[in-house]
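Take a look at the structures listed below.
Two complexes follow with chain A in common, the first pairing it with chain B and the second with chain C.
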Partner chain A sequence: MASHHPPRTTNHEPRTPWLVRWLGGEHLVLWLVVLSFVGLLPFTPDLASRENLANLLLTLLPLLVLACGQTVVLITGGIDLSACAIMAVASVVGGLAMNGDTGWLTGSPWAAPVGVLLMLAVGAGLGALNGLSVAVLRMPPFMVTLTTMMAGGGLAIWLIRSETIYNLPPAFNALGGRLALATLITVALAGGAHLLLSRTLLGRWLYAIGHNARMAHISGVPVAGVMLAAYVLSGLLAAAAAVLYTGQAETASPLLGQRLLLDVIAATVIGGTSLFGGRGKVLWTLGGVAFIKLLDNSLNLLNCSFFTITMVKGAVVLAAALLDATRCRLLEAEA
Partner chain B sequence: MKKSSFICLLTIFGSLLLVTGCGKPDAPPAASGSGSPTTVQTIGVSFETLQTEFWVAALKAFETELARRHIRMLQAVADGDANRQIEQVRNFITRKVDGIIMVPKDARACIPVIKAANAANIPIVLFNRPPAESDAKSVAVVADNFTLARDTVAFLVAEARKAGGKYKALHLIGDLGDINAIGRRDGFDAAVSNATDVIEVVARVPTEWNNEKAYAGVVNALQKHPDIRLIFTPSDLHLPSIASALRNAGKWHKRGEPGHVLLAGFDGDATAYQMLVDGYLDATGVQDVYFEVEASIQAVLDARAGKPVPPTILDPGFVIHAGNLEEKAARMWGAKKK
Partner chain C sequence: MSALLQFEGITKRFGGVPVLRDITLTVEAGTTLGLVGENGAGKSTLMNILAGNLRSDAGRIFWDGRPFAPAGPAEAAAAGIAFVHQELNLFPNLTIAENLFLTRFPRWGRLPWIRRDALGTQTVRWLREVGLEATPETPVERLSAGERQLVEIARALSLEPRLIIFDEPTTSLSDRETRQFFELMSRLRARGLTMIYISHTLDDVLRLSDRVAVLRDGALVAHGPRADFDAARLVTLMVGRSLNQLYPTRACWEQSVPAPAVRPLLEVHGLTQPGVVRNVSFTLHASEVLGLFGLMGAGRSELARMLFGLEPFARGAVQVAGQPLQGNSPRRRLQHGVAFLTEDRREDGLALEASIADNLALVTLRRHARRGSGWLNRSALAEAVRSIRAAVRLTPTARDTAPARTLSGGNQQKVVLGKWLLAEPQVLILDEPTRGIDVGAKFEIYQLIHQRADAGAGVLLISSELEELIGLCDRILVMRRGELVDELRRPDFDRERILRAALHERTAA
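Moving on to the complex of A and B:
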């Protein structure tokens, strides 16, 4: 079985070119985040204000949860385009169950916990659908998750006829709206994903499949089961992100996350998780998410126009994809 | 990068939580304005999208009007994402703007940020879309959708009466999750309910503000009722789709030509202006963007000055048609775009 660690250049041999060392470095993006933050401070002093950091952190958390799921799938060499649609369906189902007007659980003290469990079940279910199609039916992940994205988006709108659901339990809203709670939930989920990838047999199998699924199969890795687990996990984390986003907006919406897919994939790839599989870590994803949110936040603080922000973000995503390809090429050459 | 990764992760979150003072998420910023209570130096303007001409014209009008009043404008566009808009408006609050004007993505999802602005003592105005009912305090500057739609359709009814005979009508309906669409639908219904001797509504097409759905709906309606002679759309956004469907059905004729279909819209965009000039459109209800922009800014200034501001300011708008086109075009935002 292949090692769960990606090829690295941390042997610090004197002949290793500095560019390769820098590009292949574990903390490249985290350094970029720190440098960007320090570099932008003179131009946007508000960036470091307590209120802005709180705002930044509160909006970073659900994206990180969502991106952790994407990381797991990308490591296997797959992709989950349906993550945001899963969020929308989970949000709507949770809203239908919990809202204080017409909810199935109106008046029940268990509305919030049962609602959250329902949302997670929806996420896991749709993730399992993706996983079964990819692992058992051997369908391409791109097509499978694209289809789930379209069907899920339609389902979310159909379930509540385009309307949004309000009057959710305060206990539920607090999960996404209260910084301390949202942080605790995110640390638990991201930490769990980190431990899963770095400390468990399942984690090693995920990397092995990403490196070479055929070799992994020959080495005794239950490829289908592991792929299924990856997509279920992605669906679960998407539903958990839906809990945070829905709580933040205090509204369940079928349009939740409709425009987030680019941010999720961009953050994950900017972090260093490879689109080609076999390479990625939760800490890297944290760096990618922090970078993309910092970019968004600072461009807003700089009062850049919407068009500028969109163009800059597009350019950064392109640069990240280029960096990923260059990094892979350099590391292969080095190996 | 083994234990250290995890420790690093926890350290980052821990330090951020310490810096941001976790446990006090709803605490208002220390100061609520950048100057004295009556001084307005900066206003944050948040749009949910710039995907239609109306919003682009409104943003431009805000830029012009705020520059004229020597007020700095911070702008943010949420690209159709309610959560992103919440984040952007919170950014305004963080930057201690003197007022916030927002076009909310969602009438309900905007309530948490209205409450946050209330807590920070920053006046907040909702432009063109009112919020859902709640205890959050804001001012809404909105078009009088009902009256304007009713008057626009009444103009069409009068034209139909003049021409004589009974008119079969097609009514397009916007996204009924949007209170503006509901007002326009009710305005249409009120106008035709008084004119059953002239108008018979034979088809209603829900568009959800989507041009593809509008096109498909109009094509289907024209196939089923080829004798449709009157069409009302609740947004000029759909005029190109209607024109295309009419053209394909061989019913695209100018005013005065035999077979002309009476057509009216709502908004007052550049397409509507051109179609009025060319003679294909009979009337449109114009939302007075300039009135709404001026009223929104004035509401912020008045609120900062401690003057009473009503919770809703109605833009009466006006109906524009061939008879008053020259006189009213200067106030039609779509005409200014040309």
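Moving on to the complex of A and C:
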């Protein structure tokens, strides 16, 4: 990333100031994460402590998985508001199936793997519901996923009557709770999403649809199928995030990820993925997620109340949007 | 006569590339200046500086003898400069009247209520002036492209400007509307309005202007009274070399070369869609360039869209190389070897924000993907992009990763054509492939069309420019109000007969 270092004295392009190049660079957010980490360190030395870093990473992982799904959908020019509700339903269904007291799979050695598959199936199914409504019935993604969010949230609570389910199989809890394992799963999923977007036919088609769906249709892209795939993928990744979260908490709960939706969307957009489609990368999303999580974590360490954290986060998201608008303008002027 | 407008040493660079070099030019009050040049020559940039959309890097403008540097379009409009843009700048969801008076609704004194009656009468006045038969309450989205252009002109006139700039005003007008527009221009000239007229149709420029200025690569290469110019000289000045001919010739037109064997490729039988096309039957042969001529609204584009599966038809049958077409999606058409370059390259030809390489690769992407996983072979993909860039002679200065938006119109069209040519289609349908692009790029696109036909493909070429069809085609079909009304072979091409067939509507009925 040497190109981001300011003073390049040889300077074959004298009219591109380093600030513009830095602001326009695609890893700006990752740099901001590093800068804010270093900047916050003097105020909260605990930030760099071993336990804190482990904790930070552990909570970052499921958010990243969720945000990868969101990235895929945003690239098509859509949005998935239901991701967190899908996560809650998957968590509850998994809990109902696997718990040691009343679960359908109680005592079976296959409880954990079958439970995970069941959760993924729930995610894919709800995602397919979104996808079919958007791609085949041509309903606006915002409305479709909003209703799925409301219905899904209700369904999750109704399924277990507001209870919380404990006593999940240890093998299952390890998936989300053991840092190394959870990291491995997340890296695999995010890496897979990255390769899908950058190196496969489906990935190119997702971008093409986000840029100009009519043009894509005329150019022979199976638009409906690709849109369906995007929402199914988002649902699947939401279910995978449910596996991580549920394992981490060792409880299945319909309230899982209730407040997460805005974090997910904010993180994705801060990373640089466009709400209008056609632009976005997993690597950018990683930066956005890390930034949001770092903010959360450091404000927590500074003993800020939940409300203060929310307000500061709002302000920071606004600032990020402003930064994005500024750099788009700068890049436009450069072009 | 006095100078209303003077440019003095206007210079402008975009990111280091000079687009205007030291332009000095005077426009006398009450005259019409014809401004010509290839796309990217700097015409629009110069006009945008005058209209306050851009700032010049050096040089001055004098308006009415006083230095003038508009900070924005509003300031230019207040000074009496109106700009009719090439791209339409209307709000489709609003009515004609609202579009005309958006920033200055007639009101009850200073109260925030709109005087609907005054709005209506004032709008009707301007619509009558431009010859558009529509009520002020018509939403703009219900108008055709040509009618929208007239609304745009009406809006410019309603500002009662002293200078009006027309940037390619006739590209989306039908013949009748174009004639009306020219009449309007002569009325405006008689009234003493100063005009700047930008167009690629050189005959129109020569007919309508008092003086002509030619830009090439940002520099003013010639300027003088129109009597000094003719179309051939203008072309030479614009491209900087002399084009011996406007259209390439095909080898098979020579007597000595035997005509290719006649093999039907695309067979259309009795295609009918009520209100759009009626009982259309024709055959396109291998190695043939078949022209389709008709006025706006004759159903040419609709016919093409039906053939490509974008619009439904009620009755009829279509066969490609003897196979009846299956299904109704562009994807299936591609599998049959049919490609379709649409009329509107910005709306459905290109992803403007996507890179040049991604645009070029889109149609044939599947060929470079492994079955099952969809894993792309990136080196094969890059090789395909490289080869097609060379084949369509895309400007070498644009990088593969640059957004398609940054290209000039001619190069954008080469990208669209290139993405279809990569599929090596056996039937190539082209809808207005050279609209709004410069002379040099046009010639190169003509050559590509002939190359494809020489390689055995059938080309169905739709154009509003009759000269173009006569110059390029082996055969021309004439369409009028949804029906095919005439067919001519190359030896029998007759401008007058074609036009008569296309126009001859009410008298024949």
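Before moving on, here are some points about what is shown:
Everything below uses one rule, namely that the second predicted complex is superposed on the first by the 298 of 335 C-alpha atoms of A that agree within 3 Å, B and C clash if a C-alpha of one lies under 4 Å from a C-alpha of the other, contacts with A are read in each partner's own complex, and residues count from 1 in each chain.
Methods note: a residue touches a chain if its C-beta (ideal position, glycine included) is under 8 Å from a C-beta of that chain, and two chains touch if they have at least 3 such contacts.
Just so it is clear, the structure is predicted and the values come from calculations on it, not from any experiment.
With the C-alpha superposition on chain A as described, chain C and chain B fit side by side in the combined arrangement.
A count of residues in chain A touched by chain B and by chain C gives the higher number to B. Of the two partner chains placed by superposition, only chain B is touched by A:G191; chain C is not. In the superposition on chain A, contact of A:S36 is made with neither chain B nor chain C.
Judged by the touch definition given at the top, the superposed model places A:T147 against neither chain B nor chain C. In the superposition on chain A, contact of A:T106 is made with neither chain B nor chain C.
When both complexes are overlaid on chain A, the residue A:L301 reaches chain B alone and has no touch with chain C. Contacts of A:S253 after superposition on the shared chain: chain B is touched, whereas chain C is not. Aligning both complexes on chain A leaves chain B and chain C separated at their closest CA atoms by 11 Å. Common to the chain B and chain C contact sets on chain A is no residue at all.
Remark: chain A residues 15, 199-202, 204-205, 207-208, 211-212, 214-222, 278-279, 334-335 touch chain C in the complex. Every residue of chain C that touches chain A in the complex is listed here, in rising order: 14-16, 308, 310, 329-331, 333-334, 340, 342, 347-354, 358, 361-363, 365-366, 369, 373-376, 378, 403, 406, 419. Across the complex, chain A is touched by residues 1-2, 5-6, 8-10, 12-13, 16-17, 19-23, 25, 29, 47, 50, 74-77, 79-84, 86-88, 90-91, 93-95, 106-109, 111-112, 132, 175-177, 208 of chain B. On chain A, the positions that touch chain B within their shared complex are 26, 46, 49-55, 57-59, 62, 161-164, 166, 177-180, 183, 186-187, 190-191, 194-195, 198, 245, 248-251, 253, 255-260, 281-283, 286, 297, 300-301, 303, 305-306, 309-310.
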